[in-house]
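In what comes next, chain A is part of two complexes: it sits with chain B in the first one and with chain C in the second one.
== the complex of A and B ==
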């Protein structure tokens, strides 16, 4: 197995609120190899965005480690962290609020270079900007336009260019296409995949759109209420998903296949329980049709097939 | 050969990018000058400002101070020597209004500027950092806002001692809490925007986030409200003078010109409307300037 680019070890992020401690990310372990994509799926509020933000220390983790090339970046001081910060960048969901409306496109893409200050003089910076704009399919004439003059897809390209101008090795994509219409989604996804081919960037692709994840990922991680419930290579997950939550999630994908009409469906019922001070044990138990007394005990991620992990004692027993 | 061509094409491209990026001020001025009302406001305000500060070139200061009862209540336009008439003591109204403008506009603008800067600093810190800092600053603002403005200003002047500088400080303290609250609300609104988060992912420091990302986005409405408060400040300086703190008679100042003439305004209306027109014109023109600035600073407005 190739060396991991980025790895998390028992990563936790808890938020203290007046109502109690919200376990937004609870003991998450995974690794992403260089040039690969990990798709992170789960319903709204399951902690997938928090996970991404904690990994690049937009939120300070409560405990656990994030290793970049084996180096623990959570242990670095703010100053030391600056030197590795540029290797991990992020693109955001909303192309409208993720770009400063008072910056021109050129300034937006130039700003990371100015802040990091290690790209030499003005000319070499502009060269870098021009190169990145071309890479992201933004014509030069946009250099002096303001973001409001561009449509959502082009703005998302600007957000991508802003992240890529620093030559990151790892890019967190926080639902980058969910605010775009379908034809534009495809353009952005293809652009991301081309960039991965040419620059060997690793992605962590956060989304709730399973079709998108199927298209772009090498491995998929399913999260439920801050915890990983199933984690497997893409083909494996789509063919042999075992966790009841994953089954429900994948069954919710609408298909155009008429022959599968009237098939048995596994619909999820019930509501997400309160993420404040959750009880130990499986957090999905109160919605799970197979729940038993044993589900009240903490669930370990168990490898049931090569690289296929699932956090469910029942599934592990049957495998 | 082809490498060379590539390199030269690249440098062509960069110089093209450079040349198309016009200076910020030129773009700003182009947008501002297109707004006719704002341009009119700027012209009127500059005329009043220059006339006030160049007053010694137009009339002698003694004309504004020296009393000559035989000349009292000359109607505007009826005498070549007293173009805007005279008041109850025979002092030239034009001299009084022009010299008064130095204090009203000078002190008014300075007060508003201090309140503007103080409001940005306090509101910015409060809104951006939140937590305890926010609570402390906001509770102090609440306390100041609970006291009626005039009373507060009087109390501060009483504590600091009389003088125009002290009056300016006290009035800016009165204005600051409202300004700080506005800045705080605007900053809090933007603090969690994704573009701020994006700026953090490449290591932007707090100061740069505040000055480059947050402040430009809230400047428009802030400028408008600041210029709007200038009228209030001019009148406030006047009422302070009336109460005997701040500007002392016979030093002319727009507000006090109105208040010292108020018993005669019934019969000689010009005593009210001559300084009144100057106050109105400067406040109105400043409001137009403020609107123009807001629009010119907003990239979403059409150029």
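== the complex of A and C ==
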């Protein structure tokens, strides 16, 4: 197995609120190799965005480690972290609120170079900006325009260019296409995949759209209330998903295939509850059709097939 | 079958300080009684404007209907008096909006909000009758009637959308306009809400226009589908006809091609080149011409007419001229 580019070990992020401790990310372990994509799926509030932000220390983790090339970046001082930070970038869901409206497109993409203390002079920086804009499909006439003059798809390209100008090895994409129309969504997805081919960037792709995640990922991790419930290579997950939550999630997706119309659907009942001071057992138990007494005990991720992990004692027993 | 709604050559524009936005450009649509129609299109295609026009709810200050008419049950909506409109809205036609968080009043209990609809539309009802009806409709949408005393912020997103559906249905409208009712919800909750709406439809026989950008929802939920682009219906047919993918408008086929699918494995998606039509211009020819791979000179200069490829299935495209199968 090739060396992991980035790896998390027992990563936890808890928030103290007046209502109690929110276990937003609870003991998450995974690894991503260079040039590969990990898709992280789950419903709103399952901790997928918090996970992304914790990995690049936008939130300080409560405990656990994040290793980049084997180096624990959570242990670095602020100053040391600066140099690592350039190698990990993030693009955000909403292309309207994540770009400074007072900056021109050129300034927006130039800014990371200034902040990161890029050694080059002004001309070389501008060259880099021009190169990145071209790479992201932004004509150079946009250099002096402001974000409000662009539509959502082009703005998302600006967000992407801003992240790519530092030439990162690892990019966290937090729902980058969910605010876009389908015809534009396909353009951005193709662009992301082309960039991965040419620059060997690793992505962590956070989304709630399973069709998108299937298209772009190499491995997929399903999260529920801060925990990983199933984690497997893409093909394995779509062919042999076993966790009741994954089954329910896949069943809930409407498809354009008419032959699947009117099929028996195993709909999940109930809704995601609050991850405040959760009980030690399986957090999905209250919605799970197969819940039993044993589900009150903590569930461990068990490998049921090569690289296929499930956090469910029932599934592990049958495997 | 009898039509409950006929939209004829509707034209709506928004006059803003900066520009005139042509939202709907000659849209015609018929809806039969009891039909569930999926209205599909991208942002800015004119879906919501069409829905608002049906209820004559367009913002007066900026919106202007420049042509066409909307006939609901034999009466033109634009010619109705204030009191007629009041009877139409809520009791005949009601609407579910995209965002359940903002379509409820935060300072009224759920019971009061639903009851308000009845107070206005059924003034002869007694308080006891109203209470019973509210409790009934709440249990119908899967909320325990005791929870009616709560305020909207005490509900989750999915539950709020159930409340909105209850409000829309309490006066038993004949036509329901659902404007992206599940877009703000998670997939598992979306599946619950769609199943609920389908059951209610079967129980109450309401006709429905379901506005969405998700073709998957249309395939599973609707009987027929209308595809809207640049403020016109460019294709209309039953779900079976359109999703069979044998005869489709080039825009519809490209839409199918750019959605990643769970069943197939394609290395690359085929995006539609270019961008959604700028609504500040009205193209002389076909609105999709700039992005269409089959575009000819004629497409840019001449508006395509409606071409029927089968009974009940039409496509607005020059390509299909004379391709009509025997009906």
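Going forward, the second predicted complex is superposed on the first by the 317 of 319 C-alpha atoms of A that agree within 3 Å, B and C clash if a C-alpha of one lies under 4 Å from a C-alpha of the other, contacts with A are read in each partner's own complex, and residues count from 1 in each chain.
Here is the rule we go by: a contact is a pair of C-beta atoms (placed from the backbone, for glycine too) under 8 Å apart; a residue touches a chain by one contact, two chains touch by 3 or more.
These figures come from a predicted structure and were not determined experimentally.
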{"item": "Partner chain in contact with A:15 - chain B first, chain C second, else both or neither", "value": "neither"}
{"item": "Touching partner for A:189 - first (chain B), second (chain C), both, neither", "value": "second"}
{"item": "Touched partner set for A:254, first chain B, second chain C, both or neither", "value": "second"}
{"item": "Touching partner for A:59 - first (chain B), second (chain C), both, neither", "value": "neither"}
{"item": "Contact residues common to both interfaces of chain A (with chain B and with chain C)", "value": "none"}
{"item": "Residue ranges of chain B touching chain A (in the complex, touch as defined)", "value": "10-11, 13-14, 16-18, 20-22, 193-195, 197-205, 208, 212-213, 216-217, 299-300"}
{"item": "Residue ranges of chain A in contact with chain B within the complex", "value": "53, 56, 58, 82, 85-86, 88-90, 92-94, 97-102, 104, 106, 111-112, 115-116, 123, 126-127, 129-130, 140, 143-144, 146, 148, 159, 162-163, 166"}
{"item": "Residues of chain A touching chain C in the complex", "value": "43-44, 151-153, 181-187, 189-190, 193, 208, 210-212, 214-216, 238, 248-258, 260-261, 265, 267-269, 271-272"}
{"item": "Chain C to chain A touching residues, read off their complex", "value": "42-43, 156, 158-159, 186-192, 194-195, 213-217, 219-221, 239-240, 243-244, 254-256, 258-263, 266, 268-272, 275-276"}
